[in-house]
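Contents: one structure, followed by commentary.
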Amino acid sequence: MSQFRNNKILIIAPHADDEVLGVGGTMARFAAEGAEVYVIIATKGYPPDYSEELSTTVRNQALVANRLLGTKETQFLDLPAANLDCVPYRDINHQLVEAIRNIQPEVLYIPFNGDLHIDHQKIFSSALVAARPNRINAPSRIYAYETLSETNWNAPYLTPNFVPNVFVDISGYLEMKIEAMAIYASQIQPFPHERSLEALRALATLRGTTVGRFAAEAFVLVREII
Amino acid sequence: MSQFRNNKILIIAPHADDEVLGVGGTMARFAAEGAEVYVIIATKGYPPDYSEELSTTVRNQALVANRLLGTKETQFLDLPAANLDCVPYRDINHQLVEAIRNIQPEVLYIPFNGDLHIDHQKIFSSALVAARPNRINAPSRIYAYETLSETNWNAPYLTPNFVPNVFVDISGYLEMKIEAMAIYASQIQPFPHERSLEALRALATLRGTTVGRFAAEAFVLVREII
Amino acid sequence: MSQFRNNKILIIAPHADDEVLGVGGTMARFAAEGAEVYVIIATKGYPPDYSEELSTTVRNQALVANRLLGTKETQFLDLPAANLDCVPYRDINHQLVEAIRNIQPEVLYIPFNGDLHIDHQKIFSSALVAARPNRINAPSRIYAYETLSETNWNAPYLTPNFVPNVFVDISGYLEMKIEAMAIYASQIQPFPHERSLEALRALATLRGTTVGRFAAEAFVLVREII
Amino acid sequence: MSQFRNNKILIIAPHADDEVLGVGGTMARFAAEGAEVYVIIATKGYPPDYSEELSTTVRNQALVANRLLGTKETQFLDLPAANLDCVPYRDINHQLVEAIRNIQPEVLYIPFNGDLHIDHQKIFSSALVAARPNRINAPSRIYAYETLSETNWNAPYLTPNFVPNVFVDISGYLEMKIEAMAIYASQIQPFPHERSLEALRALATLRGTTVGRFAAEAFVLVREII
Amino acid sequence: MSQFRNNKILIIAPHADDEVLGVGGTMARFAAEGAEVYVIIATKGYPPDYSEELSTTVRNQALVANRLLGTKETQFLDLPAANLDCVPYRDINHQLVEAIRNIQPEVLYIPFNGDLHIDHQKIFSSALVAARPNRINAPSRIYAYETLSETNWNAPYLTPNFVPNVFVDISGYLEMKIEAMAIYASQIQPFPHERSLEALRALATLRGTTVGRFAAEAFVLVREII
Amino acid sequence: MSQFRNNKILIIAPHADDEVLGVGGTMARFAAEGAEVYVIIATKGYPPDYSEELSTTVRNQALVANRLLGTKETQFLDLPAANLDCVPYRDINHQLVEAIRNIQPEVLYIPFNGDLHIDHQKIFSSALVAARPNRINAPSRIYAYETLSETNWNAPYLTPNFVPNVFVDISGYLEMKIEAMAIYASQIQPFPHERSLEALRALATLRGTTVGRFAAEAFVLVREII
């Protein structure tokens, strides 16, 4: 009932590791099932907040982690991390428009606009501009994903709340997701931090059992055109 | 990327004609594309509010209209129309559980819980109970549809608001939907009533243009399991 | 039951044509019924995104279109189009405060804060600051209007949703609205784009039938003082 | 800009005194300005919960209080107080349809669906059914009012929240409202109970100052047709 | 900063086991810290849906499980399980008013009104009526708890969503909670059902890591008086 | 049941006087009960909008008013008043992180993100970043307070709405709050402005009676860790 123009999936991550935290298992599963998975890491850490060395390290980790998950291509934009509120929407829009035009993904995963991090909020808005449904090659499905240590730290009932309506069974891919996340050594915190592997596993288990599966990733549907 | 267990679609309509108003074009398209379309009309009009003759007439119209749209089977339950608030949830639940167990649909369309009509609200809730995702054969996709002359007549921002996130292109099936609705002669009102063919056409046009299509039906996703 | 201080109406449009898309029929009707209709076009397109020629053309179209609708005066501010996120709120506030002080409108129409376009969102917020109800000559009624190709393209349930509670019967003025929109030749797209005349007509028909009228424009009430 | 079919106002109160708590000042003002004010008290207290004597007393108080406010007619329905969840919607709908058809009010005031009391919730829903905008004589404006000791006692963010967008200046009528409420001696509680005259005065003061007036009653607009 | 009138905690559970699923760890912790913990099981299963034997068994399990958690007293009401929509609110209100008057709890835990089960929804509403803040001995804190296999199975964004703002650290009591739940042998389902011990553990882990704890139970605050 | 690490309370005020408007009575009460109360005034008025003299005067008033309420320390940051949208989040975050790290408050009061003033909105967001629950000394309770002439002037149902779930009894401290506010002579407007002492008193009375107290301040809980 759902014919697809192509089998391209694009995940837009504000920062390297968001794509794994939110969509890692889904990336692995769909890649295994034949999809072409693309990742765009939208920002880069700059001195003095982030050393060049750290930025390079993290980008290399991203390449390794994404390759493990079967990603076909990981692209890096150079927007300034943790400073997107100082970048005009027009510039972010422009870069995402370009990226989407080049890849022409059928499915798009974007961060959640209720995340505490302003970078996530702006990428969400710009991605919706870039994916406006007025062009024939606009993505036909757009999902917002959750990010541990961002999504649950905003204000209940006062900022947009993540209440998922889409569940992707990743029972066979949870271990691969955990492994991919482990590659981002510098981004992981020891349990019981929310950005720990234990929290990641608990979230996948909970999302899975909600729909009777061993593990799942959950999303909020933004728009689907069938 | 989405393998289906089967290609069965079930539309639950509180009253005969709701299935055409909300899902008629989608039924026609998916039937044409090979889906098995089932319809359950949940209620029946009883005297003194509705004559037996009228009830029989409407049910015959439902059979004709649904057949036109390619429906494989239209089932009728005998719950009392416009009186569902007097029927225990348990009984409604039970009947819908049975129906879903028998048909085992992959996709489920239900009325919207923000509709003004209490029958719509109760069918929505009971359908969600009947489609709980704890059984392996639960529907993998549940959508709420809009019903002209119910959905827009409730209280903005005070009752649940219909803001669609799923659009089904029915450009090639709008005329068939209009034709099917015309079969329900007794349920149609002259323009500019909201339950007129002109309103139906305007809604399909608007929902279509939102996503750059000539005509569409729009839904709110309740849950999807992939 | 509602005595008015005056009969001045002010529509604030982020960009030329928004006033017609959202309020064109209402402008025409109230002008015909004796209101003084004012329009403020808040932004101007600048090179390199917009040529000077195009900006001039569009402003001339605005004058013609608004005059057709019976507008008494169309004012142009020079804020940079598609760049309002780079303009301090204080500056936008200041310009709108001035404009409202000069016109002293009884009724104010502003864009919707859930529109996808950041310009719409900022104009909404600044207009509310400028129309704070602490001054005796503050507008006594404030409405948010919908804009095809902006309002329906944001994220359902995650950004503010347009669910109208005010319907203005424009049955006698729809053709004039369409005509006014047609003057903005450069802003119209061919059907089935959402910014087509066909979409505009479908929206007016739908909003009309919701309240049993042939055509209507619909709004969300922000505040009314009686 | 707003021509009215007539100048009839109808307030539907679940229980005697709700009309004064929520709309008393507005009733007084509009009656003084020439409106015909109608009140429907929807329920009656029955033994064993309420003695016949108390019911009679309260109804007499309603007549006196409403007359003081300039009400043209107070009608009493006999639905069972605090038991509306046991009355079929169809019956409540029917009684309200009749009442609205007879009075043909231009403006309708109804209780708020987020009130803690189930009677308020059901009257809200039934009133919306009775005031559906598909008939030419449907009310053109519908407002929900707040009721001290009901509206603020429900669950913030979990049940519908009263956030007013309509403010009626009752600066000249607050004392009359207080006086009318004082007639309902049995329904008033000593300060600091929320159903005290002091609370009533504080609420009117707060609602007033929000829009720079000495006193106001505040409402949520459900629908306006202009 | 928070002086308490007493140290009594009351959990109202629609069905035996809801109190453990939602509040088990908190009960154990606060009991260990000196609180008097009371539980009210509101309903009883009746034939033919539930055998007398099963009902007796479950009640005995409740006594054992609650005692394990340090509960001072478990009370059983006899409202009909899965049939509360057929019981007048007045009767449910009355029983809960009585119970709360007798116990006079300082803190009250109630089910969530967005749960799929109608029994949960009605107990929520009746509990708020029974705990109205107009009496000097009303509970000073009211929390809604989540229930696996009910809370996550309703409709995202259409029914009230559980987004917790209160987290109780149960790191030292999670094992006791699991043990208590295991006593309800008949209510547990094998993993990956959402009502499995694995899901319970995952939820506690996730809620804990959100606030940097090893395990937590999470709640939505309904009202607190300090 | 609630052991506290310390008894430090921190109020973050965008502008001098917000702390008294929103939290003045609570500050007075908790100081009297032994808490250490800290206040951070986040911004300063700069020429040409605010004269140096006025800024100095207001800061002196803040010191006097806060001392009256029992504040242990009032700190002043130098962020530009009414211009926070032009300050990078990173800078605001950094200053609040520092302040919170130094004070290590147990309880945090922040402005409401639905306030009309952009300064309030940005301070809200930055405060949540600074109070992220991933550090062991993060505040265990975070409340948003309401500010007369900001909170009620935004857009009902379109921007976040203040619906309080926490009520602090300030019956014994209302006069002190009024007195403290009166010190801010330049910030007070004559009745019936919303920023008048009469409005302040009405709000406290209303919030009090909602929970059966003579006066209260009301808050929305953002997060509590117990």
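As written, the chains take the letters A, B, C, D, E and F, and residue 1 is the first residue of each chain.
In this text, a residue touches a chain if its C-beta (ideal position, glycine included) is under 8 Å from a C-beta of that chain, and two chains touch if they have at least 3 such contacts.
The UniProt protein names, listed by chain, are A, B, C, D, E, F = PIG-L deacetylase family protein.
As the structure is a prediction and not an experimental result, all values here were calculated from the model.
Asker: Where centres are the averaged C-alpha coordinates, which chain has the largest centre distance to chain E?
Answerer: Between chain E and every other chain, the largest centroid distance is to C.
Asker: Since chain A and chain F are copies of the same chain sequence, what is the angle of the rotation superposing the Cα atoms of one on the other, rounded to the nearest 5°?
Answerer: To bring chain A onto chain F, one rotates by 120 degrees.
Asker: Over half of the residue-numbered contact pairs in common: that is the test. Which of E-F, B-C or A-F passes it against A-B?
Answerer: Repeat interface, by the over-half criterion: E-F.
Asker: If you average the Cα atoms per chain, which one ends up farthest from chain B?
Answerer: Using the mean of the C-alpha atoms as each chain's centre, the farthest one from chain B is F.
Asker: Taking all residue numbers at the chain C to chain D contact, is the shared part over half or under half, that is, same or different?
Answerer: Same-residue interface.
Asker: Report, in whole Å, the distance between the mean C-alpha point of chain A and the mean C-alpha point of chain E.
Answerer: One centre to the other, that is 36 Å.
Asker: Residues of chain D touching 2+ other chains?
Answerer: 133-134, 153, 156-157, 165, 193-194, 210, 212-213, 220, 222-223
Asker: Inside the complex, what are the residues of chain A that reach chain F?
Answerer: Going by the criterion above, the answer is residues 82-83, 85-86, 116, 118, 149, 153-159, 189, 193-195.
Asker: Would you tell me which residues of chain C are touching chain B in their complex?
Answerer: 148, 152-153, 156-157, 161, 163-165, 171, 191-194, 196, 198-199, 201-203, 205-206, 208-210, 212-214, 220
Asker: Please give the residue numbers of chain B that touch chain A in the complex, ascending.
Answerer: Counting only chain B, the residues touching chain A are 1-2, 4, 7, 9, 30, 33-35, 107, 133-136, 138, 165-169, 210-213, 221-226.
Asker: For chain C, which residues are in contact with chain F within the complex?
Answerer: Contact set of chain C toward chain F: 88-90, 112-114, 124-125, 128-129, 132-134, 144, 160, 220, 222-223.
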